[in-house]
Amino acid sequence: MSKLNVVVWGENVHEHRDERVREIYPEGMHAAIAQGLVEAGRDFDVSTTTLQEPEHGLTEERLAKIDVLIWWGHIAHRDVDDSVVDRVQKRVLEGMGLVILHSAHFSKIFKRLMGTSCSLSWREADEKERLWVCNPGHPIAAGIDRYFELEQEEMYGEPFAVPEPEEQVFISWFQGGEVFRSGNCYRRGNGKIFYFRPGHETYPTYYDENVRRVIANAVEWARPEGIWQDHQGCENRKEPLEPLG
Amino acid sequence: MSKLNVVVWGENVHEHRDERVREIYPEGMHAAIAQGLVEAGRDFDVSTTTLQEPEHGLTEERLAKIDVLIWWGHIAHRDVDDSVVDRVQKRVLEGMGLVILHSAHFSKIFKRLMGTSCSLSWREADEKERLWVCNPGHPIAAGIDRYFELEQEEMYGEPFAVPEPEEQVFISWFQGGEVFRSGNCYRRGNGKIFYFRPGHETYPTYYDENVRRVIANAVEWARPEGIWQDHQGCENRKEPLEPLG
Amino acid sequence: MSKLNVVVWGENVHEHRDERVREIYPEGMHAAIAQGLVEAGRDFDVSTTTLQEPEHGLTEERLAKIDVLIWWGHIAHRDVDDSVVDRVQKRVLEGMGLVILHSAHFSKIFKRLMGTSCSLSWREADEKERLWVCNPGHPIAAGIDRYFELEQEEMYGEPFAVPEPEEQVFISWFQGGEVFRSGNCYRRGNGKIFYFRPGHETYPTYYDENVRRVIANAVEWARPEGIWQDHQGCENRKEPLEPLG
Amino acid sequence: MSKLNVVVWGENVHEHRDERVREIYPEGMHAAIAQGLVEAGRDFDVSTTTLQEPEHGLTEERLAKIDVLIWWGHIAHRDVDDSVVDRVQKRVLEGMGLVILHSAHFSKIFKRLMGTSCSLSWREADEKERLWVCNPGHPIAAGIDRYFELEQEEMYGEPFAVPEPEEQVFISWFQGGEVFRSGNCYRRGNGKIFYFRPGHETYPTYYDENVRRVIANAVEWARPEGIWQDHQGCENRKEPLEPLG
């Protein structure tokens, strides 16, 4: 089996506007996420791209080769071109895996694939998050203990307005009193989608060992399997397989 | 409990272009569907609207009062204004029920809510369809025997590129050799969605007693229940419920 | 529509052994749960029965008339006769609703219907539980605000070893740091099952207004709908519907 | 990664009683199924066992090493010892994969894991079955075209009284007029379960290339992933993670 072609897409805006973010992620958040995948030592061929590149770095040609795409965005969701969103959606339906991180719950591509508002409640108060494993046999939880903690994170709270997750891997406890479905699996067309909550830009979350392990596990889980059939047009099967009348 | 406000939305194009369709449905397909709901004798307040009306008859004001919307479309999906689609989606997420009929599998609103291509295979060959009840305790199957038959229908075949149905009520057998998931339940936001396969425009399907019963049952199933909270914006819960460190 | 026949089944053991429990629930926990349903003022015909009655009060004849059964048990799960468990399971598959409360997660009937161990972690430390609504349009959450709190409860923590819930209505936050899927919907055969977490015997939980509202809502949600077909034997359909060969 | 330890469990009764079955499967059905897995040329270490062996060949020691168990049974379900069923269920919940074939829909182990009656309708009339792929990106469908056919099989018809499948891979069309959900995925505890319909004892189904491919794919899909935690007892977490009051 050849290496999985994994691309980390970064919005790459906070890093240029906010000193705190630049200090934590001097090369950009996407670079730190990619570094984590490289250091995982798995069969990944990892690269990055950002909003600022032509076609946001997601040309037809490049997308066609991606096995799993990781997406982080926050304040510039509207700047993502609809034609690129169409294209990414089409590739997911063909079989490409998609890992949606944190504030990308409100990205065009996630809302497009879910069909819902994907709203939630939130608070920035440097509080503790504890992620509990609900599904200890799930490959995305492999190597994670019963729970892991992030000392400081943004809070996200229920109701999270998404379709019922097909598999619930993590649920978060927040110090300030909320809970959140924070590791959610979906299948859309031939593609698999994992939403993973942590990763506000003002915290060093993407250097955390457990977070990195979960993202690497999610990439493996979301890899394309089975046939890649074009699943998107309607076929006129003019000839019946059985005699009529 | 007051009557359910039920609106049948009809594309209303075939009826004006195709003599065969006009003969079967002289008042329009939407009128026949609505008539079935009226004759069901349930607590429904039924009206119709069509593509041709201003804002396709789905103004903010009217939508706000609809409990369950029924949608039939086929060749004019592209003519449905995106702003109306946005509005209908928003209402479903608030809690309005939606019943999607036959070729509306390819409507903008259904694709929007599913997030997938909603493609399938098809054949127009006047063949027999037999719909089997998979879930005999489901309210949408109430009053239906083990199966019912339509002597002539268009064929729709798998794969039907939709998310895994949350409840499978019917599966169709076709004389020409195909099968199809033909009665599929989904929940999106606060709203319930039922996809029901039968109803090609060249057959008198919407006069069939079983089809009418299923549609009436689906309206009752899809009625709003519980609270209608606005579920669509993100709320900043600035104050934690518990003391932070 | 006639009144729903609702029966509250109580283990009725702690009440006789533990002074603290008897003080809170002098007539038995089942009596307090039943009282809450009566005071809800809905179309329920409520009665109770206990482990100590012949056939635990669940004779074939009585079961045949029950629309929704509510089950509380804890230390005497093993004393429930297997033949009664068989009978209750059969009735759920026919369409009877079942509401499983708190420590009945480990009852024979719940484990039978789930097929899993239904294990969890727990702690008795008089801590606060806050139940968040994940699904604000769900009828079981009707009339409940974003969350409600119980000042003192036993903790139940993930992983809760149950099949993926079909609808997640509540998730609990615990003061001591855990989370739990605390309001879970399932369908088995023609019957609906709701697991609801709160209700340790040493707390006055079943007098809480929100808890009572949820249980009453769950009874309405779990009521039988649709046809009640016997769904349990295999039928030999000797005659094909279509010609063979 | 070491080879998967795959065991085919055969009831092995028809082969000794029915001349037709013995002619088709002279070494037993389990042997033919195992041979198919060996010839698949994958990383499987395949062996067989039968009802007649002590403890049905499923001692604690042997079970502890099995990665995926395949189960075929029909007329002797009742002869399977309950203590062995307990043991197999426990192993599935720990993470062992389970592939349930054809008439094993009525086996003790499948009914135990599903919690439902698992009933269906049936007919032995040498009719054609066509299995449609609903989910072309699923690994169990890898290498299968849009559909495949079995010229002669027993008919199984809906309603199939199982919990809603978590992933629907195949649906069958039968010549005599029925449909059936014939490739169904479930997760229970840490284990994955695949029900696959074909394989009546009087037909050479387990020599069919497509059937063999599906079973081999299902074994790979059902392999244990992630951590194997003991998931079956309740843990008393006496010490809270956070300070109480």
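Order of writing sets the labels: A, B, C and D. Residues in every chain begin at 1.
Here is the rule we go by: a contact is a pair of C-beta atoms (placed from the backbone, for glycine too) under 8 Å apart; a residue touches a chain by one contact, two chains touch by 3 or more.
On a predicted model such as this, the values are computed, not experimentally measured, just so you know.
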Which chains lie in contact with each of subunit A and subunit C? B, D
Based on the averaged CA atom positions, which chain is farthest from subunit D? B
Take the average of all CA coordinates in subunit B, do the same for subunit D, and state the distance between these two points in whole angstrom. 36
Counting only Cα atoms for the centres, state how far subunit C is from subunit D in Å. 31
Hunt down the residues of subunit C that sit against at least two other chains at once, touch-wise. 130, 136, 157, 159, 164, 166-167, 175, 177-178, 187, 189, 231, 241-242
Once bound in the complex, which stretches of subunit A touch subunit C? 130, 132-136, 146, 157-160, 164-168, 171-174, 177-179, 181
So in the complex, which bits of subunit A are touching subunit B? 89, 93, 106, 112-117, 119-123, 125-128, 155, 157, 159, 161, 163-164, 166, 175-178, 186-189, 231-238, 240-242, 244
What does subunit D use to touch subunit A in their complex? 95, 130, 136-144, 166-167, 175, 187, 189-191, 224-229, 231, 241-242
